[in-house]
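Multiple structures are listed underneath, in structure tokens.
Shared between the two complexes below is chain A, which pairs with chain B and chain C, respectively.
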Partner chain A sequence: MLPYLVRRLLLLIPILLGVSLVVFLLMALIPGDTAQAILGPFANEENLTALRAEMALDRPLPAQYAAWLGNILQGDLGTAHSLSRPVADEVFERLGATLLLAGTAFLLTCLLGLGAGAIMALRQSTWVDRTLTFAVLAGISTPSFALGLVLVLLFAVWLPWFPASGLYSVTGDGGAPDLLAHLALPALTLTLVTSAIVARLMRGQMLEVLRQDFVRTARAQGLPERTVLFGHAFRNALVPMIPVLALQAGYLLGGAVYVETIFAWPGIGRAIVAAISTRDVLLAQGCILVVAAGYVVLNLAADVLQRWLDPRLDR
Partner chain B sequence: MRSLRSFAALLRPPFLRALCVRAPAWLCGKNPWRILPALAAFLTLVFLPACSRQATPADTLVVAQSAEPRTLDPQAATAASDFRLIENLYDGLVRFRSGTLEIEPALAESWTVSPDGLAYTFRLRPGVRFHDGTPCDAAAVRYTFERLLDPDHPEADTGPFPLAFFFASIDRVDTPDAATVVFHLKEPFAPFLANLAYPTGKIVSPTAVKKYRADFGRHPVGTGPFKFSRWDANRRVELLRADDTWQPAAQLRRVIFRPLTDDNTRLTELLAGDVDVITESPVEMIGAFRDRDDFQVIEAAGPHLWFLILNTRHGPFADQRVRRAANLAINKTALVEHLLQDTATVAAGPVPAAFGPAHADDLAPYPHDPDEARRLIREAGADGAEVTLWATEGGSGMLAPKAMAEAIQADLAAAGLRVRIETYEWNTYLAKVNAGLGEDADLAQMAWMTNDPDTLPYLTLRSAATPEQGGFNSGYYQNPEVDALLEKARRETDAATRAALYRKIQHIVHADAPWVFVCNWRQNVVASQRVQDLRLEPSFLFRLNQATKH
Partner chain C sequence: MKLVPRICIGVLVVAALLALFAPWLPLPDPAATQLDRRLLPWFSEGHLLGTDLLGRDLLARLVAGLRLSLAAALAATLLALTVGSVLGIVAGYKGGRTDGVIMRAIDFLMAFPYLILALAIVATLGPGLLNGLAAIAVVNIPFFARTTRGVTLGLARQSFVEAARLSGRSHLGILRHEILPNVLPTIIVTGSTTFGWMLLETAGLSFLGLGAQAPQADLGSLLADGRQLMLVAPGVALLPGLVILVLVLALNLLGDHLRDRLDPRLRHAPAGAPGAATTVIAPFSTLSTNKPLLHVDDLRVAFNDQPTVKGVGFTLEHGQTLGLVGESGSGKSVTALSLARLVASPPGVITGGAIRFDGHDVLTATPSQLRALRGRRIAYIFQNPRSTLNPLLTLAAQVGQTLRAHQGLTAAEARKRAAALLEEVGLAPAADYLDRHPHQLSGGQRQRVVIAMALANDADLIGADEPTTALDATVQKKVIDLLLDLQKKRGLALLFISHDLGVVKAVCHHLVVLRHGELVEAGPTAEVLANPQHPYAQALVSKSPRL
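Moving on, here comes the complex of A and B:
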């Protein structure tokens, strides 16, 4: 296990290098240039040239990439020109907000998704199963930005229960209750979609496990139904769900851009979009690297957890 | 390895038991819905204590803008979303009189201009202090402009200062005493006063710049009616009422600017009552707010012009008749009423009405006359010609460029010109258009927002301002008479004489039709009815010291 872990962690380095190279090349490919984005429509060629020289944008691409890489290795992510502040400050502040939202949504996804999936399997072909199947289908098919807007209209505008956007109330002093209130709608929006996906797969896993011999054996041994279902069936259905959950966690980490936008959640997904539209290469690089690293680590954690729960995989 | 696995084995049963074994009693029972009260109780416990919602307090104004400010350093800022804060944090030597683009005193009590137009002497208001307590005197004024213009200044590296060219005419700044500042210009430059009133001309605290250096943009110190309090990145910038200012104190105790990039989010926050004012509302939302009693749409016609650059060097528009025909063929009234929902007015010439006396009131816009347009095009032998229209997907001041391009295409087709639209992303678009239309395009969309009647025509209509010579005359319009009038107007220090020169220029340019004059944007903010005396200025900025809330 340990050599495996080390090998996987070492693999992180070429992956991050590859990601950074792709991001760098993509940013160079998209139309428009950084100096123009900073100086705006009034810019004349003289000012543009001067700024390009100042920011080293006039150097060949490989030289720019090498310079960036050199700085990264010294722990310097550079300065985000679109915000006039260090990339590291921006990335880690936003990472915190994203982790909070994604973490909450992930926990709720585990609870609702796995729970609903298990219930559907146990009550297969009853009205409970059919109702939940319908709900799950609706959840999978609803785009999160539409769902988010509907939730805001319902629970922030018509029924003023929750704030419509942001991390804290801008007029208050913050605190945990305030944060939770702001977390409710975005977390719910994210959860409904991801837990629908999880529930659907969990239902299938659970059904498959329930038909296996060891469940019949357990029942034949006279074990209480509770132990059969939760000590044996649920536990075994859970193992193949781990990579699925890891994928959902990855989506929550980097892909929740729409939800972050609708709820003005100062997370990392929105920072990436803003960085791209302002041609802020350094900020985009910083954010994407962190997300990519998170994604890889999550998948690694899922693999390790799976081997933990099912030692047969190690053989 | 083995120890790790045995550790896992140790962990597994209790871990899973904790996860699952507590719950199943209800599940194995008959009624699965028994979970619902439990779930509801869980959610209520977690979230409900938090959701005692209240509207924003009466002493606090919350403004939502579409972007996070980039910098609050007035010399470094270029975006409207930064200017709105800067306008309330700082003062300039002069400012625009409320409701107009005319100049009135601010930090300077009075000023004189030498007869040759080369020296501007300002008498400063005595006793004004920055929010950090340091005096706002002649030395501070001089410091502000030297940092902006002198590449060898110790704090010159706190930029970049993209709009420094506004003050490129300054030769040197003298301070004969602590209350007097003299600007010596290289050549007469009448827009100088208007540029001083622009955010780029606001006076900064030298002590604060030296202390924070490149970070000054996030720790702004000025003399304005509000002082900087805090900036939580991506969440809010908070300003507090400044007490010892030279102006009457502001009514509001606190102003909070929130960045809400999504149009729908700004809308729902306003509806939910957590935001009092929203800026940059898309046109389709404005109509809905006009009909409601609990909200107000506040508008101001500003110095904005949306126009089509015509290629006067190459292709059918080299013929003045075809250029006039394009102006007659395009139904500007329909564009403004239907496409832009009355958020703009039809333009007649290159100087917007917001410039008051410098605007030629007697100049009527080209009427919509497709028959006359067709006749002119036929007469010029351009009937059925294919022309290329460069359009953008969206950009600063561009309103609804794609929809407008399509409407224009249809109007020109009806007059006998086949239009091919090429659309570009905004930054690419700017680079292409600013390099000149060459032989690649016949028409190009453009919009400018300026602060002096000189700026737009001087940079875009002079013979010597072609892209080859570093200007923005992308359609290569040449008229020696206009050139001479523009040079004369920018040297003229008498306001009335100068305004008359711009009126004359408009008549000539209108007749030559180097552009299709389309519309002037009326900028808007939408505010809740709780807000009063919020005035949107023609400069498109708002000063919040008069505003109140109940």
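Moving on, here comes the complex of A and C:
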């Protein structure tokens, strides 16, 4: 396991370099004057010249990439012209809010998706299965931006149980109860689609495992049905679900963009949308780079977890 | 055709027709504002769905939005499909370095969270419907590339492609005439399943204000517009959302239906996941409560209403071995599994007969009574050692769990006892095996683990289904000697399933010959083998070279 971990961590370096290259190239491909695009339409000539020198914009692309990467490795993501503050400060301030939202939604996805999928498999072809199957398909087909609005209407307007917006910072004065109240609707909106996808795939996995010989072996040993279903069937069905769950984490990070917009959540997704609308290239780039790097690390963690759970992969 | 797919097709056809003929429909201009007719309710005169904040007709805007959304999703699908398929076909056909370079590039695209990459592209190109749909198309390219590459890879190795290559056809010619026609169905199926996502994602970008720009409005921008009016007129926002939901749901339902029809594995899928015990229909017991250890009478088992075991009966005493012989499919295994109600159900159902084991009526037993029998009084050695062990658990855990379930041992005690059992079946020293997983063992070693599990709780009856078939000759003999030794020491009753008449002759006191689920011959082993009455039994005996 340890050599594998070291190998995977080393492999992380080229992947992260590749991701940074894609992000860099996307910015380099912006039509027109890059310095102008970065500093915005009202930049003066003096600042433009300084920036061109700092980012090596007058030199060939490889040199530009090296300069850009060097700055990033020192924690310098540039300055967001729309906010007049360092991109790094803005990104890390908002990262916490997004991680809280996406993390909660991810936990809910695991609970709801894996749970519903297992129940559907155990009740296959009954009304429970048929109802859930339709609900799952409806969930997959639902635009999360419309779902968010419906939930606001239902649980913030008609039944004023939860606030629809108004969270300004995660570490505010309201404390945990206030934070949870604000978290409820966004997290629910975000989790429904991914839960549906996970439930659908988990149902198939679980059905496959329940027909395996070793489940019959477990029953033949007189083990309690609870042990047979959880200790044997569920556990085996879970292993191939881990990459699926990692993929859903990626969808959650993307879906957070809609949800943060609807619920005015002070996260990184809303920052990306605002940055694109105001053509604040460095802010958009910084946000995207950090989210993508986090996703790469998360995928690594999923691979390691899967290998740890399934000894067959460890060869 | 069933009702649901019909409705889905109907919905999609209506949507497509509305979108196609939108400019010629008798509707007001969707962009025409009438400030004196703002926010009219539904069913207002001339405005079936009312008007929005600027007095624009909502029905007209909805139809126009539908047209734009469908067009954008279609364009994005075609773009992703074309680029992705070309990349996938080239990578799969050329292989080698080309394949490596293309697929690494695809991997880098997939290192990004789905929507985030699309946003990165829009950040470069700037907001707008065309840029948005291009971005959505790009993030879907990996999906098409990987699918078509897989299919092409399989095709490129086939003989007709090889033949075309040897006959001197150009690469382009082979791709066009041999590869493409065979990959096309996959491309079309993949494209139709992605269309729904494309619809969702392009509308999503417009909702964020990064897709269609005013005065253009697709379903997503209509939703965003309506959001401002959520409190006064929720319908303005919810209606476009509903339209998206209905369209995508129809696409997904139809896709599921097609997949079910095209995938033969799904079509013949069993009716449900097997439950804890075989279902029994009309159990009755005419058997006396005393006497033999095991008494099976007129046992009938059906799979999917097809009778598989048709009235089999026998008895078995302590210290005796009964051989069940017959060709595969004759109902031997099903008969043996029925003794502890372990026949997978569904699809299997015990439709009649009676099974009495040491005073317990198996067919009317409650789940907890069955659990107390299974593994404790009736144990099994299953046939296929490759699949009978849980791949994720160590041997200590697998052998130990049955000890803990029946004898209430602690984890440490169970481990100690498991070690003794493993050594008993020849896996010594046990310390080398306890923490291993099944995949680290040979087939013979795994079978011994299965045997150790069967021996764990001193069962009175062991059903052994071809216990030695997977083993080599010397191990085979050891295992059989072990079972016979236990029989002598503890009066173990053995139900021995085998097609190896040599083994059967050596170990079984009595024989039952099954054919097509019916008992055709039964009696003491020597008698049956020396003087078979039924033609099938005669054929069976005469075919066995060792007798």
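In the analysis below, the second predicted complex is superposed on the first by the 265 of 315 C-alpha atoms of A that agree within 3 Å, B and C clash if a C-alpha of one lies under 4 Å from a C-alpha of the other, contacts with A are read in each partner's own complex, and residues count from 1 in each chain.
Keep this in mind: contacts are C-beta pairs under 8 Å (C-beta built on N, C-alpha and C of every residue); 3 or more make two chains touch, one makes a residue touch a chain.
Quick caveat: nothing in here was measured; it's all calculated off a predicted structure.
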Which of chain B and chain C A:70 touches, first, second, both or neither: neither
Touched partner set for A:149, first chain B, second chain C, both or neither: both
Partner chain in contact with A:225 - chain B first, chain C second, else both or neither: both
Partner chain(s) touched by A:39 [first = chain B, second = chain C, both, neither]: first
Chain B versus chain C as contact partner of A:214, first or second or both or neither: second
Touching partner for A:234 - first (chain B), second (chain C), both, neither: first
Which of chain B and chain C A:206 touches, first, second, both or neither: second
First, second, both or neither for A:23, with chain B first and chain C second: second
Chain B versus chain C as contact partner of A:279, first or second or both or neither: both
Footprint overlap on chain A, comparing chain B with chain C: 30, 122, 149, 152-153, 157, 225, 231, 235, 261-262, 279, 309, 311
Of chain B, residues touching chain A in the complex: 1, 4-5, 8, 12, 16-17, 20-21, 23-25, 27-28, 32, 46-47, 49-51, 53, 56-57, 60, 62, 68, 70-71, 76, 78-79, 160, 162-163, 165, 214, 217-218, 233-236, 238, 256, 258-262, 264-265, 268-269, 271-274, 395-396, 424-428, 430-431, 434, 448, 470-471
Parts of chain A lying in touch with chain B, wherever the complex brings them together: 1-2, 30-33, 36-47, 51, 54, 82-85, 89-90, 93-94, 118-119, 122-123, 128, 149, 152-153, 156-157, 160-171, 176-181, 184, 225-226, 229-231, 234-235, 238, 261-264, 266, 270-271, 274, 279, 308-309, 311
For the chain C and chain A complex, residues of the former touching the latter: 108-109, 111-124, 126-127, 196, 200, 203-204, 207-210, 220, 223, 227, 230-231, 234, 237-238, 240-242, 244-245, 248-249, 251-253, 256, 270-274, 276-277, 340, 342, 344, 367, 370-376, 379-380, 382, 384, 387-392, 401-402, 405-406, 437, 439-440, 450, 453, 456
Chain A residues within the chain C interface of the complex: 15, 18-19, 21-23, 26-27, 29-30, 121-122, 124-126, 137-138, 140-147, 149-150, 152-153, 157, 206-207, 210-225, 227-228, 231-232, 235-236, 239, 249-251, 253-255, 257-258, 261-262, 272-273, 275-277, 279, 281, 284-285, 288, 291-292, 295-296, 299, 309-312
